[in-house]
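Worksheet: the structure to be examined is printed underneath.
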Amino acid sequence: MSYIEVNNLKKDFVVKKKREKGKLLRERDTVHALKEVSFSVDKGELVGYIGPNGAGKSTTVKILSGILTPDGGEVSVGGLVPYKERRAHVKNIGVVFGQRSQLWWDVPIVDSYNLLKDIYRIPQGDYEARLKELAQALQLEELMRTPLRLLSLGQRMRAELCGSLLHRPELLFLDEPTIGLDAVSKLSLREFLKWENEEYGTTIMLTTHDMEDIAALCSRVMVLGHGQKLFDGKLPDLLERFDTVRNVQVKFDVPNPNLKLPDGVEWSQSEDGIELSYEPSVLPTAQLLSILQEAGNISELTLQPENTDHLIAAMYKELDL
Amino acid sequence: MRAYLSVFKMRLRMELQYRGAMIGGILCQMFFGLVLVALYKTLYDGNPQPMPFSSIATYVWLQQAFFRMMLGSDSDLLDKIRSGDISYDMCRPVNMYGFYYARIMAQKFMGSIMRAVPMLILAAILPMGYGISGPASVWGLLSAIPALFLGLLCVCALENITMAFTMKTLDPRGMQGLLNLLMMTLSGNILPLTLFPDSWQKVITFFPYAQLLDAPIRLYTGDYLPVDALRVYALQGFWVIVLVSLGVAMWNANKKRMVVQGG
Amino acid sequence: MNTLRLYFKSIGMLLRSHLQYPSSFIMQTIAQLVMEGGEMLAVILIVDRFNNLKGWSGGDLYFFFGMMSVSFYLTEMFGRGITGDFPMMVRTGKLDTFLVRPRGVLTQVLCAGTDPRRITCVAVGVAALIMGSNLSDIVWTPLKALVLVESIAMSCLLILGLFMIEAIFSIFSVKSVELVNAITYGGRSACQYPIDVYPLPLRALFTVIAPFALTLHVPASWILDKPLYGWPAWTAFVTPLSGVLVFGIMTGVFHLGMRHYRSTGS
């Protein structure tokens, strides 16, 4: 049995509609946030959980962390059922909500950690060692006496992470951890998460809209849409499945090369050269390159990096999300 | 003037939307009224007073019915002040004092009418002397209505002063709380002013807080005779002028300060 | 024991947060004093005009008022998480963060709110208690002191239990402030006077549903040597326990409600 087991998980929400004129009671609508989602995660895995807004990502995380009770199906994390054995379960997990703080707003962050020590009943010695280690890894040493409200967004996220890892959880949930962060903060955050995962074998599940998070961190990615699991596997496989169109930028020595392109390749000419987009399944890359070489002397050739955001957009579109 | 009228109309429509809160508020206020009337009834049982009990019951019901006129501040506006968004409003090409005066008045007018009408109907059908009595005379009723309107003008001016204080200190709860609580006691909400010691009443009835509801209620119950109405209006009018001038001065001072700060 | 330590540590921290804005804090504390002073003034003026209320002397009335003030505002001071902040905790998702920690939800809600400004209200209540005790010539015995403490503690639990109704409604995002206020603030307003001045329906309400009569009036009358309805002495010890009963029931309902909690946000 895997560390996290989810079988046919279901969750419905009843949404009240706006009252229509002349009707006494408001009509209700049932929204299926999750319809029979199943997956399992092994200990030490780093899983990315993606999908458009309203796909059911947060609902899954909330059920797994014991906040919500599901309407059907089975869940177990480390042998415990989160919503039934909430207290025993949450001892082993850490949760970082992207938008809401778990620390106290007006007091120095170290005071918040001190209180968390009592909440999680962490032994003093253990707490001191762990705090020192985390403070170093997250570059928080200088900020310990600063109230949370005076920290920048990036500092705040690091402070939250520290708070959620003090009790050495086996499993860490991150809800859009890099949202709103600058590039440097994002990079250092990813580095830290990798370190925590490798050093302690902490299982990490993160929801995100940022494909770079997934590319940099996750060995495995799950795609959720309309309350259903649509993909579960490695990121390259996902890319291959949906990365249908590629872009190439090419510049020739001669101003008007004799370029004969087959059907299905779109191109446009500009000052920087010629931009092409093609589908490797229709026209293999090698074949395209030879066509280009025949046309003239190539002075510059760029295969544009895969733009994962576009890819996701394409994927959502194809899957009708 | 058209700008103020449209602000007034917009707030009226907004007030109409909170029906659920309104029904809850009416029931809550009815309950408070019942408790108070029951209490005064028992008090009167052993110790008859010069002022008849029916007047006290009527006083309590009218106070409860128009409670919303006194409290129920504009929380939107307070949030705006705290967050500093009010400086955007300051840029509008209308007089800000008038703008907020219209806004507050719409809220208080609609809020209290919508609550007062059902409450007074309910209070009128209560049995055994618990309910509200009719006016002392037709003239009593007729003279109370302009007094109530002048009271409304007065309370809006008072609230605008509170707002001006809040803008200065940026702390809505401190000063506002203090002024509101003063209002609760001195307007007769906690204890009818007619039950205050007679010597105190002579002073308290001159305060602006007594002009809001106490003066119109006394005209209604006949505690002030209709022939005194002009004197009552004059006092109310005096306070309206004083409070509005004070409020305008404070808003202008705040505006200058804001411009200087560049906020 | 650990839970109690956690509570006081949390409260200490919240207190320091409040003191980060000292002028606002002082201003609000004064405002509270004016408010409760106004309420007290009303009682004094009533005594001044009517002398007594159905056989209860002025001193008795101050004593009842003091009991209610102390109980009510101690509850608001230490139970702010329930008496004021809970709907906000649901709205902002703060409640979610409590659910992912290995402690009781109610414990954490209580740990997350305090209203130290109410200290002046409690002080007014204590002053009223002392005034009432002196005027009514209460002869204090250890037993009476014990009943006083029991009565206040149980009334606090009762008040907390009543405020939990609003908390329970807000779990289902139903707004009920006004209605619940009728029984909480309304209960305070009504029951700061002895219960036997009210007609039967109100007496029944405050004996059976919101039993202030049992937690507060029965023991207080016994302390004043004027037993309510002539009930025997033992009732002064037993009836206040209804406070813990109400609190227990509401806690049960609260936890039942939490099972259907649906959280907010995406």
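We call the chains A, B and C, going by the order they appear; numbering starts again at 1 in every chain.
Convention: a contact is a pair of C-beta atoms (placed from the backbone, for glycine too) under 8 Å apart; a residue touches a chain by one contact, two chains touch by 3 or more.
Worth saying up front: this structure is predicted, and the values here are computed from it rather than measured.
Among the chains, the centre nearest to the mean of all shown protein C-alpha atoms is found for C.
The chain with its CA mean position farthest from that of chain A is B. Chain A and chain C have CA centres that are 47 Å apart.
Centre-to-centre separation between chain B and chain C, using Cα means, comes to 29 Å.
As a whole-number value, the distance joining the C-alpha centres of chain A and chain B reads 54 Å. Touching of two or more other chains is recorded for no residue of chain A. The set of chain C residues that touch two or more partner chains is empty. Touching of two or more other chains is recorded for no residue of chain B. Here chain C touches chain A in the complex through residues 2, 5-6, 9-10, 13-14, 16-17, 20, 92-94, 96-97, 99-104, 108, 259-263, 265-266, going by the rule given at the top. Remark: chain A residues 13, 53-54, 57-58, 62, 65-69, 86-88, 90-91, 93, 95, 97, 99-102, 104-107, 111, 114-115, 118-121, 147 touch chain C in the complex.
Listing the residues of chain C that touch chain B in their complex gives 21, 23-24, 27-28, 30-32, 34-35, 38-39, 41-42, 45-46, 48-54, 175-179, 181-182, 186, 189-190, 193, 197-199, 202. Across the complex, chain C is touched by residues 20-21, 24-25, 27-28, 31-32, 34-36, 38-39, 42-43, 45-47, 49, 169, 171, 173-175, 177-178, 181-182, 184-185, 190-191, 195-197 of chain B.
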